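Dropping the structures in below, format is structure tokens.
Next come two complexes built around chain A: one with chain B, the other with chain C.
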Partner chain A sequence: MLRLWPLLLGVNFSFTGDGERNGTAVGLDNYRDLLEDPLFRGALRNVGLLVLLLPIAVAIPGLLATFIYLRVPGHRLFRGVYFFPAVLSPVIVGAIFNLLLAFDGPLNAVLGGAGIGPVDWLGNPHVAMFAVVGVHIWATFGMALVVFLAGFATLDGALLDAARVDGASLPQTIWHVIVPGLSRTIQFVFVTTMIGMLTSMFGLLYIMTSGGPEGSTYLPEYYIWIQQGQMNRPALASAASTVLFMIMVVVGLLQLGLLRRSGRTE
Partner chain B sequence: MSRIGWGRWLLAVPMAALALATIYPLVFTANVAMKTRREYILDRFSLASALRWENIVTAWHSVGMARYFLNSVAVVTCSVALLLLIGSMAGFALSQLRFRGSSTLFLVCLVALFVPFQVIMVPLVRMMADGGLTDTYPGLVLAYVAQFLPFTVFLMTSYYRGVPTEIVDAARIDGNTPYGVYRRIMLPMGTPALLSVGILNALFCWNDVLISLLLMPSADHRTLMVGVTSLRGQYSDDIPTFAAGVLIAAVPVLVTYLFLQRQIADGMTAGSTKG
Partner chain C sequence: MKQRARWSVVLVAGLVLAGCGSASEPDSSSGGSDGKLVVWDWKSGDPSAASYIERAKADFARKHPGVTVEFVAQPFEQYYTLLGAAIQAGKGPDVMLFNGGGQIRDRVDSLVPLDEYVGDDRQRLAGWEAFTKDGKTYAAPVTLQGHPIYYNKSLYQRAGLDPERPATDWNEFVANCQAITRATGAKCFAQGNKEGIGIQFFLSGLGSGVLPPQEYDDWVAGKRNWTSPGVKRVFSLWKEVNDQGLNNDGASSTAMFNDAFAVFQSGKASHVIGLMSDIGHWKDFAEFLEARNVGVMKSPVVTAGTTPSLPYDGGIGYAVAKWTKDPKAAADMVRSLTSTDALKVFYADAGAIASDTTIDVSSAGPAVATIVSETKDGKPALHVALSSKTLDLMGRLSQQLLSGSVTVDKAVEELAKSDRAG
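== the complex of A and B ==
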């Protein structure tokens, strides 16, 4: 109850005013403010970017899990190593990458050695969001990897043997045997990865960029925190929360729809 | 056969490279934490000339990491103890005792699992302020318990469903009260689940930054992760001390992971459905 009651309270709250208009009903004013705020629009644009990058965030652990499943030498060790950033707090991950990605930091030193000019990873508004998402993927791909491995446990090994006997190459095997066989797991990873991107990047954003440069790395959850904790506009923050919740409901419904469709074809 | 064997070795090379890329950032940080400022500015990559603990000591004492560390330990211990107590009782009740509304309660728990914290954080802050719990340790503990209880109850209920009802029935016939059954049978039988749920909850609470940032504004009450974020501003020109602070916050988690790899990986994956 501690969680469902505030949800209703929050939705209700999003229709009231801030500051002088505290507590009075203001209808949809907060939502209009949101849409007019370039920072929030930027946050929504970044959500779009996350959706575009989602296939990469799913494909990387999927491929790695395939290799581990095929018993690449050292697969046990790889599994343990790949998972380890997932147990670190986003704050620690962000702090470490603050050092690595600094303008005069090690990554640029390595790139400079290869003749590639220094990139202002966290200071260039066109680059910063990609840098943060990249770090997020680095930190969480181990989790999706373990989900994939659990999915592989249900895969029929005879199919793989048959593919091998028929002389199928690795890409052919992946595309024709593994992807269809794991469709449920893949859908599951898509949804959980999306939810992870929407709800667990706060620590990274907070320590790596604080929403900057030029407000280019806002996500809804960071926007909510700024409005609530810094700007003292809880009602506006509630409206943003409601929008975030809607986005997540849509993600959830998409998942349900996909599941139902695949259930029919099976 | 040999062709496949070669292919496997070829795949192992990029995978090993990636494994190095996974480990290296932390090794780099640990190395920097051992360096003097001068060493760091001259060469970022070279190994520290000696195992030097001064930066760690500086971060521990003068930056206040010791205080933050203790705050975190206290809050996490209380939260996990409460979560396990309530979670095991609720798991027992929801899986073995049939009472009016038990299935509805379980459903509420499931729904709550999918409500992300960001969505309820504004009203939560307000409720905490109304209750006079902002900036108090009990308030933070309460928030953590509320946040991770659905997950705990869900896992404990699923686990206790595997206990045959015959055992519970037999214990009841032998004259045990429901509490007696809980105390003598369910608690001992639930130990493996309680252990792994406990570790996960400890990890979640330890790693949290958003909840603690919202509810504990004063500097004395910071938890360790918030402490790390405050280091960034104070020590932006003293990278080795900053790295030392990060290391202090990371080491407990890393040690836990080294010993309990399997449980953590499997448990976190089971919990990844939660919002």
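== the complex of A and C ==
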């Protein structure tokens, strides 16, 4: 009850007006405003983009964990180094990458040295969202890596030895032995990475792009914050929160179903 | 199962019932218990504002010995979010600090008009317009905020230009900039539009050199013709300046606060449209460039027949909440916060141009002296007249203009639509 009651108040609040119409019931006006606002539609599109980028965000820690498990030279060092960014707060990570990705920053200097023209990482609307997602993956994959390593601990070493004796190449070993053996771990990482992407990008966006350029890096969370705090439209923000909540419910249910199904097949 | 169904019925019924009424009661009164005033701002925590607050408190204590005053300093990034929540709940501070323009005009429903209390301060203080809506004043100005064009005199000298005679006409201005770039490598403008603030400063900083005086006054008065040649010229000039390479590189990914100011301070750009108070202003620049090297100029004449002036408004000011128990005492607190004595200290410690025009500023260097002398003929800044929603849209459109994904015609059309809506 304590959890549901404020939620219901919020939903109810989203059917009231802002400013001069404060407190009066306005029906679905706020939701109509949302649908007509290109900024909010852009924010939803970006959520879709995050879902599309999810496999990459899972594959990177998966591959790196595989290399560590297969004891590539220096794997002890890599294990520590990869985990390190996970302990940094998004604000610090954002500030670091603001410097690195600045137009006259070190990354562009390196590119310039290689004869490639500078890229306006955070100023080009076609690039900025990928830059921020890239930084988010960099900052958080350490946690997924640890989960993968824990999964490897349960993998039967005899299977790998058998594969090696049979002369399987590395890609063959990964595809036929490691991926099937880790299917539950992979699913778990998918779910947690998705939740991480949808709920904890705010800090990075706030520090790195402020939703810009051209509003290209808005996510629903950031939109809610802007409408409530800067535009003084709390009821519209409530409507946006309700929409975001619905999306999270749907995504959450899908993922629960996925986890449950995999639990049954084991 | 039965239990669960019953719960769902209760929840749905509750939702329907609540949906019929209103979720908030904007007129409920609370806060401001007897004998105590609560003041919200984002300044009183700064060491540089400490003695200002002390003076104001002492002044207020003389008038109302029985009333205790509590200052609550909120973080500025969260200020309007917290204030919005307080307003929504009808509970909050008795006196609160506001930025002039959209931020206060959007919230006048929750404020007490101060006209009957501040009559005696009218002449002494400047910058009232920014806190006025529909003829009523809702806050008393503490500082003046505006957008002088600062220039780096030592770069002018190195390029063989006379630093005491900046250009008065746009073509001459661009020629000077090109001479400076040839001689020193410095760009013309330090520009930061990552947050969409660059266009606001550009519009206000150069607006008086583009719009004819009558159109300028109409704009401020709310009669805005977005498709006039003058308004379109502002936005085409915005694009032209960037296309000609007059801005520093990556304007859309450079933050105005404080990366763009850093570009100017480090001598990598010869001009910046900055602020008068608080930050990005004469005091900050003087720390890096020395006070004698910081010049202030009016906008060059872009369109013949215009009379450039300093764009400025009331910067920040204190307002009184509607739910306060004793509006007279709260208004007296506002008057104490804008007394000459307190403002003199604020000017000296915090480096703000105070709203009190009787304060002597001659010792602070040529830039301040120029700014204060120009306030006499100054006019309200163009962007301050716009709502925060239109400003937000203008920020995004200005980035699209620079990247070429929108035309000037399309941009002013969308801005006109947003401005009409509200």
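Quick note on the criterion: the second predicted complex is superposed on the first by the 255 of 266 C-alpha atoms of A that agree within 3 Å, B and C clash if a C-alpha of one lies under 4 Å from a C-alpha of the other, contacts with A are read in each partner's own complex, and residues count from 1 in each chain.
Criterion: a residue touches a chain if its C-beta (ideal position, glycine included) is under 8 Å from a C-beta of that chain, and two chains touch if they have at least 3 such contacts.
Everything numeric in this text was worked out from a predicted model, so none of it was measured.
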item: Clash or fit, chain B versus chain C on superposed chain A; value: clash
item: Partner chain in contact with A:Gly215 - chain B first, chain C second, else both or neither; value: second
item: First (chain B), second (chain C), both or neither touched by A:Arg164; value: first
item: Contacts of A:Pro234 with chain B and chain C, given as first, second, both or neither; value: both
item: First (chain B), second (chain C), both or neither touched by A:Ile116; value: neither
item: Which superposed partner A:Ile56 touches (first chain B, second chain C, both, neither); value: neither
item: Touched partner set for A:Phe13, first chain B, second chain C, both or neither; value: both
item: Which of chain B and chain C A:Ile226 touches, first, second, both or neither; value: second
item: When both partners are placed on the shared chain, which of chain B and chain C touches more of chain A; value: B
item: Against chain B, colliding segment of chain C, chosen among 6-14, 96-104 or 258-266; value: 258-266
item: Residues of chain A that lie at the interface with chain B and also at the interface with chain C; value: 4, 9, 13, 225, 228-229, 234
item: Partner chain A, residues of chain B touching it in the complex; value: 4, 7-9, 11-12, 15-16, 18-19, 21-23, 25-26, 28-29, 32, 44-45, 108, 111-112, 114-127, 146-147, 149-150, 203, 206-210, 213-214, 225, 228-229, 231-232, 239, 242-243, 246, 249-250, 253-254, 256-257, 261, 264-266, 268-269, 272-273, 275
item: Parts of chain A lying in touch with chain B, wherever the complex brings them together; value: 1-7, 9-10, 13, 64, 67, 70-74, 77-92, 95-100, 105-106, 109, 138, 142-143, 146-147, 150, 164, 170, 192, 195-196, 198-199, 202-203, 206-207, 220-221, 224-225, 228-229, 234, 237-238, 241-242, 244-245, 248, 252
item: Chain A partner contacts - residues on chain C that touch it in the complex; value: 11, 14-15, 18-26, 78, 80-81, 84-85, 88, 106-107, 109, 194-196, 249-254, 259, 388-389, 392, 395-396, 399-400, 403, 405
item: Contact footprint of chain C on chain A as seen in their complex; value: 4, 8-9, 11-13, 15-16, 19-20, 22-25, 39, 101-104, 118, 120-125, 128, 209-210, 212-215, 225-226, 228-232, 234
